[in-house]
Amino acid sequence: MQDITVLRQALPYIKRFRGRTFVVKFGGEAIEDPHLLEELIDDLSLLYLVGIRVVLVHGGGKQATDLAEKLGVENEFVGGRRVTNEGTLEVMKMVLNGKLGTDILSLLRKKDIKAISLSGVAAGVINASRRPPKQVSGSDREVDFGHVGDIESVNTTPIEMLLDQGYIPVVSPMGSDEEGNVLNINADVAASRLASALKAEKLLLLTGAPGVMEDMKDRTTLISHLSEEQARGAIASGIIGGGMIPKVEESLHALRNGVGSVHVLSAVEPHQLLLEVFTESGCGTMIELK
Amino acid sequence: MQDITVLRQALPYIKRFRGRTFVVKFGGEAIEDPHLLEELIDDLSLLYLVGIRVVLVHGGGKQATDLAEKLGVENEFVGGRRVTNEGTLEVMKMVLNGKLGTDILSLLRKKDIKAISLSGVAAGVINASRRPPKQVSGSDREVDFGHVGDIESVNTTPIEMLLDQGYIPVVSPMGSDEEGNVLNINADVAASRLASALKAEKLLLLTGAPGVMEDMKDRTTLISHLSEEQARGAIASGIIGGGMIPKVEESLHALRNGVGSVHVLSAVEPHQLLLEVFTESGCGTMIELK
Amino acid sequence: MQDITVLRQALPYIKRFRGRTFVVKFGGEAIEDPHLLEELIDDLSLLYLVGIRVVLVHGGGKQATDLAEKLGVENEFVGGRRVTNEGTLEVMKMVLNGKLGTDILSLLRKKDIKAISLSGVAAGVINASRRPPKQVSGSDREVDFGHVGDIESVNTTPIEMLLDQGYIPVVSPMGSDEEGNVLNINADVAASRLASALKAEKLLLLTGAPGVMEDMKDRTTLISHLSEEQARGAIASGIIGGGMIPKVEESLHALRNGVGSVHVLSAVEPHQLLLEVFTESGCGTMIELK
Amino acid sequence: MQDITVLRQALPYIKRFRGRTFVVKFGGEAIEDPHLLEELIDDLSLLYLVGIRVVLVHGGGKQATDLAEKLGVENEFVGGRRVTNEGTLEVMKMVLNGKLGTDILSLLRKKDIKAISLSGVAAGVINASRRPPKQVSGSDREVDFGHVGDIESVNTTPIEMLLDQGYIPVVSPMGSDEEGNVLNINADVAASRLASALKAEKLLLLTGAPGVMEDMKDRTTLISHLSEEQARGAIASGIIGGGMIPKVEESLHALRNGVGSVHVLSAVEPHQLLLEVFTESGCGTMIELK
Amino acid sequence: MQDITVLRQALPYIKRFRGRTFVVKFGGEAIEDPHLLEELIDDLSLLYLVGIRVVLVHGGGKQATDLAEKLGVENEFVGGRRVTNEGTLEVMKMVLNGKLGTDILSLLRKKDIKAISLSGVAAGVINASRRPPKQVSGSDREVDFGHVGDIESVNTTPIEMLLDQGYIPVVSPMGSDEEGNVLNINADVAASRLASALKAEKLLLLTGAPGVMEDMKDRTTLISHLSEEQARGAIASGIIGGGMIPKVEESLHALRNGVGSVHVLSAVEPHQLLLEVFTESGCGTMIELK
Amino acid sequence: MQDITVLRQALPYIKRFRGRTFVVKFGGEAIEDPHLLEELIDDLSLLYLVGIRVVLVHGGGKQATDLAEKLGVENEFVGGRRVTNEGTLEVMKMVLNGKLGTDILSLLRKKDIKAISLSGVAAGVINASRRPPKQVSGSDREVDFGHVGDIESVNTTPIEMLLDQGYIPVVSPMGSDEEGNVLNINADVAASRLASALKAEKLLLLTGAPGVMEDMKDRTTLISHLSEEQARGAIASGIIGGGMIPKVEESLHALRNGVGSVHVLSAVEPHQLLLEVFTESGCGTMIELK
């Protein structure tokens, strides 16, 4: 009996969010563990079933590295960033568009939720241009990152078509240029630009960490809210560092381009999505312009 | 000048076929050679541009065998048929849904043709059940073919949605059961059942051979037309044999379930599709009920 | 944290019921207490927000009796049933269509839920004919029940229009004949016939009792499930008696005319609606054909 | 024979007005006499049947006063204006939304015209805020008019939905604030604001008098046309006085907000609506900006 | 004042007929006199404006005969029926599709009524086959009536498109066979078959006479109503004779194929259309199955 | 085999032009010779079948002059331009709207292409005003050209309706003023203004000459491309003269009003339309702003 009242507490959030678009991105952490992935799909199904238009963007870097190793494809990194050589590109197609897309659809099929996976190559969803060689810190010469793309524009028409017809689009972060050349795209960036183009209410970035933290090893230092100004300050002062910097930069880009709020949440703790969406207190780090 | 009259000769075929659905299936032969594949995509683009609703189904057995070898996955065959063990299934996801689907989309993107690739797992397009172990010729015990599916039903809704909105659906032959378990499906069967479910005007099977031939090594023995009765006779008398038997059986199944005609054409000779569709004489083998 | 999992438990019910139509009927007991009514409206809002098409039918006999007394209109009953004389009919218009409809809309407006109240007189929703005088037990002559109608047919077009556009129709149980004469309709019957005409998934009858009970004073005698056969047996044997008889008869009529299931629930205990709809065990009495 | 030519004379008016929206308001005078009301409904039906989108707004002050007296509710007036105390508000719900709305629907049902009655509380049609206490002439202190609302905005969506689907909306002049509190609204103001929000071609105000007259007792002093300037002059000079002043003020407000013309007509003389709409000379007083 | 009540009397007819289809056919008599034609167009405009879907079919035999004479084309008749030789066919195209169609559109344009003229050749509206030579009374050999067509089928799609978009289709009675050969069609037959195909409520045949009369010279012998049985009897007994026989035969054909009623009216007396449609007594001869 | 590749060469043009609108105008030269006309209709059918929205505008001056002579109607010309007297206007209605429109539809029917012919009088497509008398070279007094119209505006709604529904509109160049008076319109001007109003991709003017030529007798002097500046220069220098001047002026008017390009092509040489639309080199003279 007491349980059922939880449904009632969710009521204002359902009312506020139904018909709105959420872009949810997760990466290797969530996918690695089948149980975690299924939990996540369950949570997403609930968002979908109360009428939220859910778009899923998934990474898969870890899985790609593993496959490359098995196939003897060189995993090349410069300054911590992957170089997408010919072999890696093929690996990416196979892992992202093939294995992971299919596995996610399989789980959604089990829940009887209508979904279609597609990469950004499909129907020109992600139009990109190959990144020109450039100077990077940690290298004294221009680096050619290979088949890596910078997003030029996003064609939301097929995504909107799928959402309007009640499908969950499951998007893998690859794009193509006008010649049809396939390009590897950073998953956070793909999610952020899709969210902007769709004028999403929320962009939810699921990560290995519970959110943005002052000390990545100390959960009690979690920052639960960041304005643009605070975020810029934290980067400048070094509180935000490492891989979190581009994530926060992309978040700010999304906010300035029409996304309502960005959330950095744990992909590995249970029900973070539901807590964030359906409770007053929320969880993880919320980033807003103000 | 004389050339332009060819366009005029195509006129009655354009009139007859626009708005109709064609399911085109091709396999490893066409995909192996990038130039051949691009030629094929060009021909398909023309069908699409004159208003035919084109659905593409692609195999990729050869590519899967290659990848399995590289990854040390056992390629297991019983009586000439692949056993889809756990490792093979993963390979199939990667090759069919990942690499081949992406490469075909890349070519269509280059031609600026709207297309979306999906496997039969997406949105429950191909509902299948795992094939129970059975006695096969060439083995003295029941064989479990592993993660192989027999099609129970086809959900055409997403395919029709894509066609109605002007997309070419590029379908890879995998399906799932109600629990979401992914199953490998024979590509000819997938194409045939999709064609039936869509009440396609034509099912075009592109193969390594120029059509059904009395002597597979002698092109002059090509049979240009087969009625159901003739086909059954030719199988009984051994004129049609080997791998061509299930292809013809599936063709007859399709014809009895609403497909207008089935065509067996060469995937490796140029422009067979155009010759078949836009000329009086056609090419390859046409199979009809009567 | 533990709370949020309740949402997950509701998931299969949300999936099963969204897009389906529920007709919910309540009467004077729920309306009398403003707090109870608001609770009920909250529960209905939740059903609505997860995508159930909710139709509300409300009675108001007690309120009508009170107003009649104040106005000096004779409250005439024969054999326990109200006679709708001229004065009573005017009172009904005022109480049902006027006061109660407005008060329910007021509460739904407070929740920001789109709703429109209408009586069955509107747009010919309830076509009725005046009940001819008839012999009743407890009277030795034919009784003319006055402006009371028997439903001839239900016009669901305006109700479907409202549901399709996202409104909750709030229906008061009055109808009219072809001459436009206004007729008083039994609220249980109005709800049942609306449910049949709409092919509702569920008809939920909220009553003063927690359900059908073998002994109306002993809650432990609640019957949680009744098949048609069991119901008929219980009436024959006298287990079901009094005012519950016509309620059960109407329920069976609804079931035989396309309604999925009928539920008799308490209008005065909290959250019965949510417990019934979103939990495995449910509550109250469920009546099904088998 | 000669009669039938009248139809031909109506032709240019039918051509001009079909597809346009007319808001027709009438009050207690028309409702009091059942024969008059039926005549009026007949005229409205004709407007509807030639393709005019008719919205009806009805008052009912006199009927409310009568009911209040019967129920012992104090009819409180300050400076000629009703104070809507708690009891009066209940009376208003019952009379306007209940009795009068139902009686009008009953007549339209008799004519087989599709109609739905709703108060401004339904679906947030009339959003209002409670009028703050203010100084009025005839009182030396601030007066709290009780549950009386000033219109903040009008939500035309449900009204347009009904009109588009061929229903006549019958609107009673009540509204609600964001908390759902029900408020009494002046019927002239409700009609005028609805007309503005709907960009009505005509607002037709049916009154006890045949129009605006220099001497309310002398029919020959009827003013058949008033520009805004003339209207303001007539108010300033006292030619227009009493209850006609707010009516004319509201008319000017409507004209300045997109209504084509406002007409003040007799509710008690026959066929004034038809004469106004379908004849060259028209009748009553026409008010235009210029 | 008294006039305006005529509008009220028309109310039930407007209600009954709006949204229904009327096919109105007139011939040379109406067209000959410009004043008469304009009167007729006025009456048709009124039907259109109250929401009736009006289809006009016009003949023009007399005008064709005149032009043929001027051009030295032989006007050939056998047994009173025109032979459509090559020259006559050209004359028909010019008179019916050219002059008369344009003149009718010109009048409708003057009334600001949207209309499009088309012959039955357009968009395959009237599919016909050339009438084979046959024996006719008054000739001792088979007669080839030349380019005269018997209607095989009617394609109502373009007519429905025009009606749905608010146009009056003005149809001239010519058709074509599958080879595109143009054929002359009897105007009464064209109107009757169009009416059947459109499931018209009324087919109104305007003629030189005031209706079907026992004695064509004595107006008092007008038959105001004919059932199928009465009509057959009157033909058998010779009461109906001459050119009225095929008209009545076609009328019965129309009635048996879904037309509500057929009316034979005077084209030369004023307002016959309006009297028929909008008054209780009607005028001319009404033919019904029973 | 080699032939079929022509289809492939047409692919980029089909892709570029499908869904776009082409206005094709031809005059007496094309119509005079039945074989030529049928060839032309064949070419237009192909444009239509690959998805181009084709609008046909036809002249018929020569045919009108012939009929006028036969009927003894004076063919009056002043300074080379026809005066449209009463008799000529009747001839125009008969020849353009009657004979030629019907003959073109007959050919399209033979090809099974959906088409509807209409003059600019239909549905107010061409709104014109009668040209006032004016001074012309070759006359020393003001000339009244009679029933000749200058286009005031074009109503594209019915044309767009036909195109959207898959019909080819076949338009004859007549218009009407607001009083419905029929006016003769120059066919080049009608085509140009329709093209502008429809924002056509191409306006194709088929003429007796192969294009604009420096020496009208020497085919080798054909100018294959003209910018606005070049065209103005060529008129100034006398290279373009005679009847080609108004044609070029109208072309420039069309280009400045939204038409993509104008083409002057031979109506008498075979397949000029196809060569222009589907080949790189094109044919005739292309006129563009730059």
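Read from first to last, the chains carry the letters A, B, C, D, E and F; within each, the first residue is number 1.
By our rule, a contact is a pair of C-beta atoms (placed from the backbone, for glycine too) under 8 Å apart; a residue touches a chain by one contact, two chains touch by 3 or more.
Here the structure is a predicted model, which means the values were calculated and not measured.
Peer 1: Identify the chains in contact with chain C as well as chain E, in label order.
Peer 2: Shared contacts of chain C and chain E: D.
Peer 1: Same or different interface residues for chain E and chain F, judged by whether over half of the residue numbers are used by both?
Peer 2: Both copies touch with mostly the same residues.
Peer 1: Which listed pair, C-D, D-E or A-C, shares over half of the residue-numbered contact pairs seen at A-B?
Peer 2: Equivalent chain pair to A-B in C-D, D-E or A-C: C-D.
Peer 1: Taking each chain's centre as its mean C-alpha position, how far apart are chain A and chain E in Å?
Peer 2: Distance between chain centres: 69 Å.
Peer 1: What whole-Å value do you get for the distance between chain B and chain F if each is reduced to the mean of its CA atoms?
Peer 2: Centre separation, chain B to chain F: 48 Å.
Peer 1: Nearest whole angstrom, what separates the Cα centre of chain B from the Cα centre of chain E?
Peer 2: Computed from C-alpha means, the inter-chain centre distance equals 56 Å.
Peer 1: Would you please write down the residue numbers of chain A that are in contact with two or more other chains?
Peer 2: 111
Peer 1: Taking touching chains as linked, do they make an open path (line), a single closed cycle (ring), a hub with spokes (star), an all-linked set (complete), or other?
Peer 2: Chain contacts: single closed ring, each chain with exactly two partners.
Peer 1: From chain E, heading first to chain F, what order do the chains fall in as you go round?
Peer 2: Following the touches around from chain E to chain F and onward: E, F, B, A, C, D.
Peer 1: Touching residues of chain C toward chain A in the complex: what are they?
Peer 2: 1, 3-11, 14-15, 18, 42-43, 45-46, 49-51, 111-112, 270-271, 274-275, 278-279
Peer 1: Quick check on the complex: what are the chain E residues that touch chain F?
Peer 2: Contact set of chain E toward chain F: 67, 70-72, 90, 93-99, 101-103, 105-111, 114-119, 121-124, 158, 161, 165, 167, 174, 176, 179-182.
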